[in-house]
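Dropping a structure here in structure tokens format, bear with me for questions.
Going by the order they are written in, the chains are A, B, C, D, E and F; count residues from 1 in each one.
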Amino acid sequence: MVDQRFFEDYEVGAARQTLARTIGEADIALHAGQTGNFHPHHMDAEWCRTQSYGQRIVHGTLTFSICVGLAADIVNPRAISYGYDRLRFVRPVFIGDTVHARVTLKDKREGAKRPRHGIVSEALELVNQHGEVVLVCEHLLLVERRPRPSS
Amino acid sequence: MVDQRFFEDYEVGAARQTLARTIGEADIALHAGQTGNFHPHHMDAEWCRTQSYGQRIVHGTLTFSICVGLAADIVNPRAISYGYDRLRFVRPVFIGDTVHARVTLKDKREGAKRPRHGIVSEALELVNQHGEVVLVCEHLLLVERRPRPSS
Amino acid sequence: MVDQRFFEDYEVGAARQTLARTIGEADIALHAGQTGNFHPHHMDAEWCRTQSYGQRIVHGTLTFSICVGLAADIVNPRAISYGYDRLRFVRPVFIGDTVHARVTLKDKREGAKRPRHGIVSEALELVNQHGEVVLVCEHLLLVERRPRPSS
Amino acid sequence: MVDQRFFEDYEVGAARQTLARTIGEADIALHAGQTGNFHPHHMDAEWCRTQSYGQRIVHGTLTFSICVGLAADIVNPRAISYGYDRLRFVRPVFIGDTVHARVTLKDKREGAKRPRHGIVSEALELVNQHGEVVLVCEHLLLVERRPRPSS
Amino acid sequence: MVDQRFFEDYEVGAARQTLARTIGEADIALHAGQTGNFHPHHMDAEWCRTQSYGQRIVHGTLTFSICVGLAADIVNPRAISYGYDRLRFVRPVFIGDTVHARVTLKDKREGAKRPRHGIVSEALELVNQHGEVVLVCEHLLLVERRPRPSS
Amino acid sequence: MVDQRFFEDYEVGAARQTLARTIGEADIALHAGQTGNFHPHHMDAEWCRTQSYGQRIVHGTLTFSICVGLAADIVNPRAISYGYDRLRFVRPVFIGDTVHARVTLKDKREGAKRPRHGIVSEALELVNQHGEVVLVCEHLLLVERRPRPSS
């Protein structure tokens, strides 16, 4: 859904929760293929049986991409991502897990270098079907400021 | 290629460069599909023509995933990613760009909490066909320590 | 297989049955990705457990696309689809179901507006492994008429 | 975005427009693969050059699936599709076209057979970058009625 | 299309030609992903510009798979592939090429070891839009023999 | 990993083993889609239950493509495949099987027609999780010779 918002419209503390989705084996296959990352942690079910988790683990880059994608269900064409901080894979994600994202607006500040934009920082958390946080990160957005009426 | 390495085998300052690959429109289509991120910056060529870059931009999560995937051409089953810091999208990536990664071992330290593992930090940079850095981040790895012979 | 046929070659009442195929979780993942339709009925296995069917349901647009695709095993380059009527999802399709299509030629008529084409109407039915019809629709085709010898 | 709505909340005449997306060659390749529909109208660029449109045409089932997917950006877990009427491919869709959907609520009525649900009918139109309608259909939804307080 | 045929029904010398299809960049992306083969001949457009062909080449394994797939438009459930001989990549296949297959039945013989099956050998050729053969191979099939009436 | 090697650097008898990967249902779905090969041996789980193997079999062209892809983890830009001999599907591969490749350098010889290249022949074997060989073939490579210093 489109939601046109200027920097001034973001409220610190606002929180929302996204839809959930189940991650399947096909998601791993496609992501391995798209990235070329065929690490045995993700692709070799036999070897994984001999490791501590006992099964394949979803790629961190996929878990992260899905988290960001879930949070992108509301599209603001006036905002663009410019980075992420403190991305951590807190718990493993397994084939068959169902995850949703929580988005909390943590901070907003005017950018010294860019007078027409502000910087918004969101905390993203990905949560599995047991209510456990599996991934956290801080998302940095550059958002257009509301144009001032010329006087 | 598999390269079994313990924490002790990593050398600070070691650097390498990966193969390059060209990012196509199919990559954007697949990544939008895998993440559900259909933001017009990535999917709407008409609207992008009216914006500053004049064309579609590759998803940040895809650029990042490809960077990590390129660096995963050497597989060390004794290492596992646990996070990334200071991920920044320095320049836009466009359809048709050809990118490769540079990996530099920045730091290694023993983990206080995990006596059998050490923490290795790599600087990842993704570079386009003009030699411009388009993405940077810091990759954090947990690596098994070499078992000590029991005395 | 190619089968060149003019409007005059279609026989009302002719019926055939296609090959069958099993629909997997990957099909749902790809279709959600291609359409951007991540409705929890298709994507959220946990929530589906709390609903009447107890499990995920294949997208109606995918079921329909597969039905049409199965019926397209015989390719007539002289025919083109121009629409469908009374498309109904009669029963849910689940992951793991095996479906085949039945195609029955229902009607043919000359088009008033297009003297060189006729209109053919086929009944399509998609049938699951229990012999139950899961989807019905009426397929409308525009087919070239056989050229008349100039006298 | 989730938007919980009962049958009583739908307003006849309400209209909205979705985001737009550009259809690429990869979309055709994936849809052909998913449906098994390799008709030369979609897959054979050489032969298409000899036909009236001069280029490949996007599968009707894909155009339809994308139209429905665009309209599914607002998810109402209380509604489920049960069919479509009068689906027509009004104009061809080509590789590189950018399309968006228009959704207009046309009609709502109580279902005789299902006392706890009502039937909602939406007009869907898919519009290309030239403002031309390329596909129309009528979407039929079964929507939960608001529970009555027991007296 | 299904075509039930016993070993006795195959005629040496019978030849047919399949539909054609255009190979796109998406096909390369998907095949690289499915096989993990990211060789610069297929994936790095910049480097390929410095090589003799001047552009990316379709994976040999993809060209071969497409050739076999085109020839599989007629499905005989009584036959199964058991191998291929003398597979040669005669000319490079480029993105945008349109190819079709020619299938010629070369030989049939009874298998000494398997009294209920015969061996059929087909010559497969893949031909591009210039009429040039790009791939040849010999396909070996194990086909059920017609059951003898018990006397 | 890139490993620049001239013809002179190849040693007859050298052998190596690749990483392993698990083949999933998604791999079959994608390969059927990419090739158009929807043979019931691969796609119809119900019918397969009535056949000798009792379950679906991975496409031979996919098994072969995965074998070649696994062996392509070491990339030599000075080598190019020109063909394969005696490709045999020794045992069926099923959904869920985990396979790795063994590569043995069998032979090298100077090519009469191409003074600047030599021909290298590798034996490829694909091995499943029970240690059984499922596919064998002979891979033919054209490799650049080391340039001679001009005297």
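As a working rule, a residue touches a chain if its C-beta (ideal position, glycine included) is under 8 Å from a C-beta of that chain, and two chains touch if they have at least 3 such contacts.
Keep in mind that this is a model prediction, so the values were computed, not measured.
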item	value
Partner chains that chain C and chain E have in common	A, B, D, F
Between chain E and chain F, centroid-to-centroid distance (C-alpha), Å	16
Intercentroid distance (Cα basis), chain F paired with chain A, Å	37
Overlap residues in chain B, where contacts from two or more other chains coincide	19, 21, 24-27, 29-30, 34, 36, 38, 40, 47, 73, 75
Chain-level touch network, classified as line, ring, star, complete or other	complete
Of chain A, residues touching chain E in the complex	29-30, 32-34, 36, 38
Residue ranges of chain F touching chain A (in the complex, touch as defined)	19-22, 24-27, 29-30, 96, 98, 129
Footprint of chain F on chain A - complex, ascending	24-26, 29-30, 38, 40, 43-47, 56
Complex interface listing, chain E residues touching chain F	21, 27, 30-31, 34-41, 47, 59-62, 64-66, 68-70, 72-73, 75, 77, 80-89
In the complex, chain B residues that touch chain F	1-2, 19, 73-75
